[in-house]
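Letters A, B and C name the chains as they come in the text, with residue numbers starting at 1 for each one.
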């Protein structure tokens, strides 16, 4: 009754309602469907970067594996644990924490609910029911660093990090090595947006910092800052300079401005976790994604074809091979003290 | 008292009616939304514990705002006071990791209170010396506190083993969660004896304000500075003391958040408790005992709304905030409602 | 005189607030060209009545007839349109603007056009000469005297063609000379055929200006008199509702008394202080009166005396043979000083506190009330109740908020509090302002009692009756300086009034 009334009043709701009915149908008709909970960090589902990648992973799992999912965007850090507990209490099969800030909560809740599977992006929790998904960010950063150095005319290149944490320093260190490989005399400017989770979602400040770098003659900037990346893209377009995106393929956002994107295939990692669980192959422990298994890469598509010349592409592919063969060892911030 | 209770109840009813309307408009069954909210706030011991957990810091910041308010000062600076005070308490615990809990925790809280109180006092002192308005100075002091705290946490006390900006864990002499009687009752909700302390503090503040000479002077100053002056009350002294006490109250958030649940200082742990404290205090008309209830209402609503995002299809995170605020506004209007009399 | 048809007529007007009737069955009529005085104590219903006539309140029952027609007034705008104008006790003027601009503002004709200075000015000048009003139309109002500000308010009404002019306590803020001037204007208005209502509790003035008097008590008209046929005593009795006896005040014999309080060349640090350099002394058991038109340094003097550390610029203050020039209020109070401040509401009480809590103000350091910083509630309640009983507080309550008491009873609370504990020296500033006759008598008695206990009083007032009655000695100040000194027996309204206005003896 209630829904019928609604349809009359708000025709726009129609589609949603139909899909809702459909959803209800699929849920009831497929009792075996996997329930996946996705807990995103402060960047939010629409950051077109890190969280969007994770979201794309569960979307794909829904389409290809027939899972159902529910996602939540974190309001504050205290809420994460309660949210995960809610999901666990509702007997979700797989709970995915996106981002290192979820580590603590995953650690606590996974211990309380040993029968539920967890996946955690960017941090390690050593419980048998937790799969930790780690990425070799420095390798991809190295490659886009090389691209940046080849495109730069001024020899001045910028790195803009989101939150100033070791993870992002790892991006920076790999990127710097890539730049120096091509142009040992290049000058690199490094800056970070903030020290709290807000840094992932502060495009205004990102723009300000980018403009400051451009005004110092920098002509390519690589940003690893989640939803804040938009600030860089805006600034680069305004000043007709180049930007490099991160995590998801961001080339399409501003074609002609964005040279390439350092891909961190969180979507693949998330999808694989769901797939393995569905196929009964889910195991805890740490899974590493790098150039070797295409978990890390750089993006080439129709949006940046004209920007990346054949020579550049050849050179980068060569570097990639050298890394895979061990000929080049990319410096890793996590192992800086070894 | 009875009057206030009835008004609150009426406000809640109207607020929930409004919430029901919104749920209905977006396409959720209003009854289902109400049920989710109720269960999320009170549905289990754990959920109820979380509601109390969210309420606890708000009691501290609400009291902070209320004390200043009684002295006629608008303390927007509870956020900064609690950040510095809580970090100070954490630092104390890190510096003296092996003190016994009976000595260590009170001393850590006291040290936090002194630092938080000092931060509040600055605003009182500036008003006295330079005539700077406390609203401006406390806002500015918030920024300064945030900067100091983030520098200290990330550059000095950063835990080396984690990505997030947070300090190392305090020792188990301070972090007594496993032994905390309330923690055990509430089935793992991060609630702690800090709640009992908060209730005690509220009673203490009430006694201070209404039964002692200092409280009398604070209230007189707040009601009428000129009358206070003619009565021989030193506005300068009383104002500075009140701001110190306000800062000290805010600092006790550390008890709930750090000693009671997290065991370390995490940068940005406060979802603006300091600012929510303003609403908590105003809703309670700055009555310390009333603050216990209004903080609980805020906590329960916060918890209730949190699960809407998970449980329902159309009520998103943002919409749950709308619903939460709507109910609070309804209560606020109801409490201030007077029989209309038009001149 | 009432052969003319009435300009305005009230028929059985009543106004109820809940079950309380502020006005009940009020009927009267005012013929053209009459000055009607309405007197009554505070709370007798004078303001309610005027607000109904001016459209600010709607009567609960009864009618108002204007020029013989029944009219319902819904707003002041409505009243103005029908030729009714009101001058409030507190003027409605923008202080930074000139008289001309203020009048234009009030007319609401400036809206989108250029200010019509010229035409308004022309008409105003004509009105001024017609009614003998002299005002500088160009000066910012804030720089004009209170009397001139009042004239501007009158001009406003005349410009609006008001035929009925209502004045609410018009003389409260005027100096004696200004009052005389004001009365002249009123008489001129009457000559020109305007009808005037004056609300006041100053019986003397009503007697000298009005043609007819209506006495209100408890919301009802208790008497109506033709002014020529009544006298001060009768009106006072009617107003209070009982026979009223004024006791004579006996002057103290002070020749041998010691000095309790002495001030030498005092000036204030306040930025636009009008206090220049003042010296005087008050002896044991003496009431020293200070007369002056308001705004001639009295306020600054009071502040500098009660909080010298904050307000004194130069000069020396001695109290009980101690140099207290750098003392705080708290220290002075603990030496035995008490203060009845100028502005009761702002400085003496806290309106939303109970009468009991208000009693503690100023006594918060006395061990009778505070032990080890705990408030001794029982002792406070007992002492306060006893003191209030002595002053016949109505209602005699410890729990009512101050805002629920009438002005007179509020002042009784302040006096009871400040005179408790037999202070050695009291600064009494306008102790009976806004207070009804019964309370005035009680407060005057209390001030005299201070003398009996060898206390001294500095009485600052703008009410010459009060000063003449109570003072043993009287100083007149003008422009922040002492212009003259009188001892009891030499007081003369004429001489004092002239000094107050800046003239010579």
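As a working rule, a contact is a pair of C-beta atoms (placed from the backbone, for glycine too) under 8 Å apart; a residue touches a chain by one contact, two chains touch by 3 or more.
Predicted model, so just to flag it, every value in this text is computed and none were measured.
K.L.:
Among all other chains, pick the one whose mean CA position is farthest from the mean CA position of chain B.
P.N.:
Using the mean of the C-alpha atoms as each chain's centre, the farthest one from chain B is C.
K.L.:
Just to be sure I understand: the centre of a chain is the mean of its C-alpha atoms, right? Then which chain's centre is nearest the mean of all of them?
P.N.:
The most central chain, going by mean C-alpha position, is B.
K.L.:
List the centre-to-centre spacing of chain A and chain B in whole Å, with centres computed as mean CA coordinates.
P.N.:
35
K.L.:
Distance between chain B and chain C based on Cα centroids, please, to the nearest Å.
P.N.:
Distance between chain centres, rounded to whole Å: 47 Å.
K.L.:
Could you put a whole-Å number on the gap between the CA centroids of chain A and chain C?
P.N.:
Result: the chain centres lie 76 Å from each other.
K.L.:
Can you check the complex and tell me which residues of chain C touch chain B?
P.N.:
For this pair, the touching residues of chain C are 17, 56-57, 306-307, 328-330, 332-334, 339, 341, 343, 346-350, 352-353, 357, 360-362, 364-365, 370, 373-375, 377.
K.L.:
Can you name the residues of chain B that touch chain C in the complex?
P.N.:
211-214, 216-217, 219-220, 223-224, 226-227, 229-234, 341, 343
K.L.:
What residues on chain B touch chain A, complex-wise?
P.N.:
Listed in rising order, the residues of chain B that touch chain A are 27, 29, 46, 50, 54, 150, 153-154, 162-165, 188, 190, 257, 261, 266-269, 271, 303, 306-307, 309-310, 313-314, 317.
K.L.:
If we count contacts the way the header does, which residues on chain A are in touch with chain B in the complex?
P.N.:
Interface residues on the chain A side: 2-3, 6, 10, 13, 16-17, 20, 70, 72-73, 75-79, 81-83, 85-87, 100-101, 103-104, 112, 122-123, 163-167, 195-198.
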